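You will see two complexes here that share chain A, one where it goes with chain B and one where it goes with chain C.
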Partner chain A sequence: MSVVIETRTQATSTRGRRVRDIAHAIGSRSWLIWVAFLAFIVICAVFGAKIAPHDPLEQSLLDRLKPPFSTTDNGFHFLGTDALGRDLFSQVIKGARLTVFIATVSMLIGSVIGISLGMAAGFYGGIVDRLIMRLAEAQTAMPMFLVAILLIILLGPNVINLVLILPTLVWPTFARIVRAETLRLRETPFIEAAVAVGCTGRSIMWHHLRPNLLSRIVVLGVISTGQVILAEAGLSFLGAGVQPPDTTWGLLIADGRQYLATSWWLTITPGIVLGLTVLSLNMLGRRYANLAEARR
Partner chain B sequence: MLRFLVTRLRDGFVVLLLVLVVVFFLSSVVGDPAEAMAPADSTPEQIQRLREQLGTDKPLAEQAVDYFGGIAHGDFGESLWQQRPAIDPVREALPATIYLSIAGIVAAAILGTVAGIIAGTRPNGIFDRVANMIAMAGISVPTFWLGMVLIVIFAVRLGWVPTSGNIGWKSIILPATAIGIEHGGRIFQLVRSGTFDELNKPYVLVARSKGLAGRVVVWKHILRNAAVLIITTIGWEYVRLWGGAMIAVEVVFAWPGIGQLVINAADRQDFPVLQAGIIVAGLFVVLSNLVVDTFYRVVDRRLQVA
Partner chain C sequence: MSATVANRARGAAPLLDVSDLTCSFVTRSGDVRAVDGVSFSIAEGQSLGVVGESGCGKSVTALSLVRLFPPTSTVRLSGRVEFDGLDLMHASEAELRSVRGRQISIVFQDPLTSLNPVIPVGEQIAESVRLHLGFSRKAARERAIDLLSRVGIPDPQQRVDDLPVRFSGGMRQRVMIAIAIACEPKLLIADEATTALDVTIQAQILALLDQLRRDFGMALMVISHDLGVVSAICDSVQVMYAGVIVERGPVRRILEEPEHPYTRGLLRLVPRLDTMRHHRLRPIPGQPPRFLSEQTGCRFLPRCEHATDRCHETPPLIDVGHRHSSLCWLTDDKMRSEADSLAPGAGR
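Let's look at the complex of A and B:
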């Protein structure tokens, strides 16, 4: 009885192990795909329309609403053309620039606010802590998306106003996590030593706390960049984002909406590019978090 | 418990007050509704007249008294476009939004919880990997885009359900699914890791060594212990829905709810309706927050000791 079981488990385990090894080898390197995709997006954002196969604004009414992979007199259209005969692939490349710019700048502003406030709350404690955390809590409990729409309708939809309002969605998370980490670190001997030696609060926060918070902050930064891209797409979709001739992926999705029944690619493809970008950020953020956790 | 409720109610009230202050501050100090509303070719006199009509020409203190006093009496001003109290269209749109939010969260809860428990009990299995990938993809795409993909497939191509509006029970299927996939993805991730954590606790080992079937252990023991986490997660996702996640979905499906109303009001520069919509949505965020917090407190007795 036991012999039979043993041979069987061994047989499945050798075969199983080989399959698992291969799956593992692919799985453990799958992050390269996400890095490659993000690199491609960054290149598109940096060079913009210069590397696009067509002029993103060049209209050609005879070649309007062509499906992906079609060829016209103007050449090959990888993702098809829009209602004015403009090349969709070139527009997606052009849209990468503003999308990436808005997301990165908003994330950076939000993270600086969140990190400073979170560190101050965790380090000083008491009334400072209570005030800051209440503010973060209240901010999360507000329908910020609607408030953002109100602000942008009042001030006019443009890139500057977007970059001012989007960080409000980001900073509470940074503040909460940095505060928790700071509270934990404050009890450790090296911070106690720094206090005993007579370092000022500001110098402890900058020279001792900040380097130790770095891995958490990187993970948060990567993931919240994706969140900002989604929020910006939502605002642009609702008409409270960037305005033409400027383009982001969210605006491309919105523009294609009225042709949804007949020319679905105008909506679906920019969304796939946007989704893959956010997915790459989420996957890499999670992978880095796992690595940092394992090192601890 | 009573003290807890009183504190929470006070906090909720403060948040709501903060929403009011922010909305007032934005509309009266930062921006000028009359300027935003007036057509591009209007003369300064016309804009001034509009200000008088809106009451934004008065001193700030007087405006604040009018605004907060009015809201205390349930008066949000007159809708400029519909010529009736601004709260009326909001009140009419409210049931549709509540209906959609509940349908969406039910879809998310079912998808996320069932898949999360199955995946959590067999970590790194085929189901776990596939479900994980779907959940990651679901939370990485905009919900409104997902809604449009569903429209193309199930309404345009297959013609199984209407493309938009609220006509009959079939209309709710697509918007609820779109919300379900995104918010279900987040619920899935937390339920999965929660189930996985429970799996390694001693009581599961005891139950197993008693000879209980795996199914019984999972659905009776683990589920009961993970229930607090699961229900709280669902609650947070519900709060997120009211915080703005639903607006674009309503617009995509032409759902006659508050999100759609607010966007229409924004297009027509109808500020009183826009403000009333934001404040009512804020009220629901605060209320659902309160319910989730209270539930968490009531169910998990350990928190009361701490």
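Let's look at the complex of A and C:
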């Protein structure tokens, strides 16, 4: 009896291992899917309406609110049409450009502010540190999204103002993480050695700390790009963002909202694209973090 | 004081002249004095060894010279530090930066963590010459390759772009030395530079340091807890205990005729080939004091096997001749009795 049981356990475990191996193989390659998806989004953002199957602004009231995969006199509509008969797929492609542009620029501005302030706080300590970190904490304590809406309404909803206000949402995270890393690195022997060589504080930060912070900054940058995309979509959805005829995914979702009961695709499809983009960014960010951690 | 006298006797102005250097760390529970009134000097091209147990103030003495302290610590310094005509004690931070790495270089203990892991070694060497000597990027790279071959790294052309992970411990210490000598400093401080290395590599690194000292004519300050290391490359030695120098003199004198009980205790800890095989090493009982109180008397008193009542008074630094001096009442006794025997009737 015992022999039989033993063999069976062994068999299960081999099969279990094979399943695990396959799962692992898929799991370890899954990042390619996310890369491919992001590459597609980036291509859409770069070429915009030029690669769209239809003119995103061309109206055709006869073909309004057609569901996905329907064919009209104008041709095939992969994602259907909206209330004015415009091709939704083309609009999603067009919306990618502004969405990606706003998110990237905001993230870059926010990261530069956050990294500089975080590094200064961690490196100089004392009053500089207290000032910067209190500012970051004070800001985190406020409902920044509401403040952003208020500011946008006061300053006027346009792309420039969005790009100026969205960075305020991301810099505290950069500042906190960069400060923590700087505090840790500042005590390491190689920084002490750099001081012993006669480096100034600025050159230590630029030449010695920055390369050591890079992997964390990249991860944070990728993940916070996702956050900025969401924030911008939120603002546009509430009308405090991009204004038509410019469009972003957030605006598309907002436009489709009133037809949610009858024409669900107007809201769901841009939502899925938005969700997948944020998800890809997070997945890739996490994968890079794991790789960087393993290399350490 | 006697160091100054010794130098004047030699007729050369010392490169580094330290007198009455005191260094305390300010902590919440009061000041912790790490170095307490240390005076010494180093002449150009001289090689001075500093020995003592952990925590006796060797490293802090060296770090005080160029004020290299962790940014989070508060340090109180006093005394006089004169280097090559420059008053380092009152120098500004900018002046100190131009001395660090240019005139005074330090090689630290742990080569594994003292190199920036994400910057190629060549760039780390080049940085110093670009900073202090204003070399162009290209010239600095050439210099880095030259220095790598100088410190005995094979294939410097290829290795210059490698990251530190691709070097072994001994190799990394060679890179650290290359960084330290990049600007041909006048003084190189090796702070336990060979402690983390195995004995064979240690010997190689010591030989390299000695060779470089001769080539560049730089002075060397070797800090170690190992008398063997110091005896290998130093002309003179000073023994530190609890923040003070208890004995100093030429290497040979210290090794062969140690005066201070602490030095003798340290020497008994060096295994020798010529003694009996089953001879056991005798450690010095007890620990060095953690915090220096304002006590008077000899600091070694609690651990000394020759302690007498008189040791509760602070002993003087007694010159025993041959530029050898010791901070102990025993030495005082010995000198007195020698003086008595030389001049009978003149004594007590």
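As a working rule, the second predicted complex is superposed on the first by the 290 of 296 C-alpha atoms of A that agree within 3 Å, B and C clash if a C-alpha of one lies under 4 Å from a C-alpha of the other, contacts with A are read in each partner's own complex, and residues count from 1 in each chain.
In this text, a contact is a pair of C-beta atoms (placed from the backbone, for glycine too) under 8 Å apart; a residue touches a chain by one contact, two chains touch by 3 or more.
Remember, it's a predicted structure, so these values are computed and weren't measured experimentally.
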item: Touched partner set for A:F78, first chain B, second chain C, both or neither; value: neither
item: Partner chain in contact with A:I268 - chain B first, chain C second, else both or neither; value: first
item: First (chain B), second (chain C), both or neither touched by A:F101; value: neither
item: Touching partner for A:M142 - first (chain B), second (chain C), both, neither; value: first
item: Superposed model, chain A: greater residue contact from chain B or chain C; value: B
item: Chain B and chain C contact sites that coincide on chain A, given as residue numbers; value: none
item: Sites on chain C touched by chain A in the complex; value: 66, 68, 70-72, 97-102, 105-106, 108, 110, 113-119, 127-128, 131-132, 176, 179
item: Chain A to chain B touching residues, read off their complex; value: 137-138, 141-147, 149-151, 153-156, 226, 230, 233-234, 237-240, 250, 253, 257, 260-261, 264, 267-268, 271, 274-276, 278-279, 282-283
item: Touching residues (chain side chain A, partner chain C) in the complex; value: 123, 125, 186-200, 203, 207-208, 211-212, 214
item: For the chain B and chain A complex, residues of the former touching the latter; value: 11-12, 14-15, 18-19, 22-23, 26-27, 30-33, 36, 136-137, 139-142, 144-145, 148-149, 151-152, 156, 163, 239, 242-245, 247-248, 251-252, 262-263, 266-267, 269, 274-275, 277-278, 281-282, 285-286, 289
